[in-house]
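Working notes for the structure below.
Think of it as A, B and C in the order they're written, each chain with its own count starting at 1.
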């Protein structure tokens, strides 16, 4: 039962959505719409469980006094503060908006901007023409890096057009080839899931 | 040749420092390099120009603070164009923080054109469920969209019920930083309902969009901060993106210098062996 | 220099993150944990006000539409592992969402990607300018050779080997272009933050 019921669910709902696509009758479209709406509702709980897990992991860290447990207090405090601000004051205006604008945006933006420095360091240390293939990669990268910014246009007016050609011809060709391969793999994986051959996403356990 | 050996082992913090300088100096002392306009950006601009007044444009802010620096300038420049052309804006987002980031631009730009919330523009907030939600949304907006971003019932706004299905939308502009994003708008929404899609993506995602540009599934593309700078130039509202282009140019030059030095070191090491 | 407290908070948090460039330190760790905390809190609030209340709980509680109990109960099954005896129930929301999502993957990848991309590869070889002809041929050969590279059922020797090699070259150009754009993206993010510090905080520009 623990295995069969879930497999019946994945098969039934999956093939219903596929069949409904080919039958333009109202009743099939309405049923599809209902299932898709339910899906969206269930997905909302995936986010809630994610937040629940963040709380659980950090409470556990504090209770066991694991390394850097003090920082977990900060994390939980700000999580509670943000939720309190939102649920009491509403999502618009007030403290919730203020925290979003003056803490979440700058922190998120800065966190990812750190990578600029590491990309520069990697360009110096690792971007080397050791083989003909690597040389080709390097040349394409340098042309795009220079040709895509205003200084490229300033150096040579033809640079932007050269980059545009690289992007729309060799880049498009390779990306399209990869895309076909990925799509065929994805579709076969989806079929395996619907037919119950692929079950790893259901989690471990013998049953 | 100890010089090359020492260069090879240079403290990475020196590289960090040089990168920092290359960003800061051109921002304080601008070079004023001209911004060239590429075809895919011009295509987005031209399509918006062609839309008749009152057309409905869905602006989907599918990004978060991590990509704010690249996509907020594009959002602002695009909204500027929409309001100037008297188009109606229906903002939403597939990422939780997207619509809130978009709202910052809406709140600063809409009043300058005398636009009224709920009449000329609306923000329906975050829509969870990614691709499956898009299929459902295209079929029936009324089923999924019940409140705006602040939780106010959608029926209380005149624009709230103007979109009943994908057929009522004239153009979708997705400002996309990953999944879910532009790919899903193309294959789950446009492919099913035939709606035109334009996009502004982070620079990392831009190369992946070219197959869709060439197949006509995308009508145009603003790639990264440079794309936003081009759009700012086209709408003649030069702001953050254009201001950043000099720094962008100088850092790129610096990185090319790094790459060249790195390869000279490689040549030296090969010769020594 | 700005006199707004919010701008100062944002600037100090920005500098706290950048302190990591020197080395890992408590300021960075504090900022990092604040970020995770406010982001998770933000998600919960936005999801509730933008979706869970108007689309699930409001119709159930205020209008008595019991049909909404289905997604709510199935969604709550995500918490089943907390009770070991019924932990297997988590498979119901997982299989339900996988069923619907995978069905749409099959339909939309074919309709929205494979067909239009195939169509876009059948490019004209006559009635076009010589430059366009070269570009069209390159696209056709580029797509085919990239596909050949990923065809592992036969050894890459002879004609197949030449094609596979060609495929590698096309991919190298594409990866190089992607690298160029990646550099561009990262630098743009840095410019964004430096612009904030110089413009909004220090008001130097």
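We adopt the following convention: a residue touches a chain if its C-beta (ideal position, glycine included) is under 8 Å from a C-beta of that chain, and two chains touch if they have at least 3 such contacts.
For clarity, every value in this text was computed on a predicted model and none was experimentally measured.
Across the assembly, the mean Cα position most removed from that of subunit A is the one of B.
Of the two chain pairs examined here, A-C and B-C, the one linked by more C-beta pairs in contact is A-C.
With centres defined as mean CA coordinates, subunit B is found 16 Å away from subunit A. Taking each chain's centre as the mean of its C-alpha atoms, subunit A lies 3 Å from subunit C. Rounded to a whole number, the gap between the C-alpha centres of subunit B and subunit C is 14 angstrom. Each of the following residues of subunit A touches two or more other chains: 36-37, 39-40, 43-44, 47, 90-91, 100-101, 104-109, 111-113, 116-117, 119, 123, 127, 138, 142, 145, 148-149, 167-168, 171-172, 175-176, 179. The multi-chain contact residues of subunit B, meaning those touching 2 or more other chains, are 16, 19-20, 66-69, 97, 100, 127-128, 132, 135, 144, 149-151, 207, 211, 214, 223, 226, 248, 251-252, 255. Subunit C has residues 21, 42-43, 46-47, 49-51, 55, 100-101, 104, 109, 113, 117, 120, 139, 174, 177-178, 181-184, 187, 189-190, 192-193 in contact with two or more other chains.
On subunit C, the positions that touch subunit B within their shared complex are 21-22, 42-43, 46-47, 49-51, 53-55, 58, 100-101, 104, 108-109, 111-113, 116-117, 119-120, 139, 174, 177-178, 181-185, 187-195, 198, 204-205. Of all the residues in subunit A, the ones that touch subunit B in their complex are 29, 32-33, 36-37, 39-40, 43-44, 47, 90-92, 97, 100-101, 104-109, 111-113, 116-117, 119-121, 123-130, 138, 142, 145-146, 148-154, 160, 164, 167-168, 171-172, 175-176, 179.
Taken together, the subunit A residues at the contact with subunit C in this complex read 2, 5-7, 9-18, 21, 35-52, 54, 68, 71-72, 74-83, 85-87, 90-91, 96, 98-117, 119, 123, 127, 133-134, 136-145, 148-149, 165-181, 183, 186-187, 189-191, 193-194, 201-203, 205, 207.
Subunit C contributes residues 6-7, 9-11, 13-14, 17-18, 20-21, 29-52, 55-56, 68, 70-72, 74-76, 78-79, 88, 90-107, 109-110, 113-114, 117, 120-121, 135, 138-147, 149-150, 167-184, 186-187, 189-190, 192-193, 196 to its touches with subunit A in the complex.
Subunit B contributes residues 10, 12, 15-16, 18-20, 33-36, 38-39, 64-69, 97, 100-101, 104, 127-130, 132-133, 135-136, 139-140, 143-144, 149-151, 207-208, 210-211, 213-214, 223, 226, 245-246, 248-256, 258-259, 261-263, 266 to its touches with subunit A in the complex.
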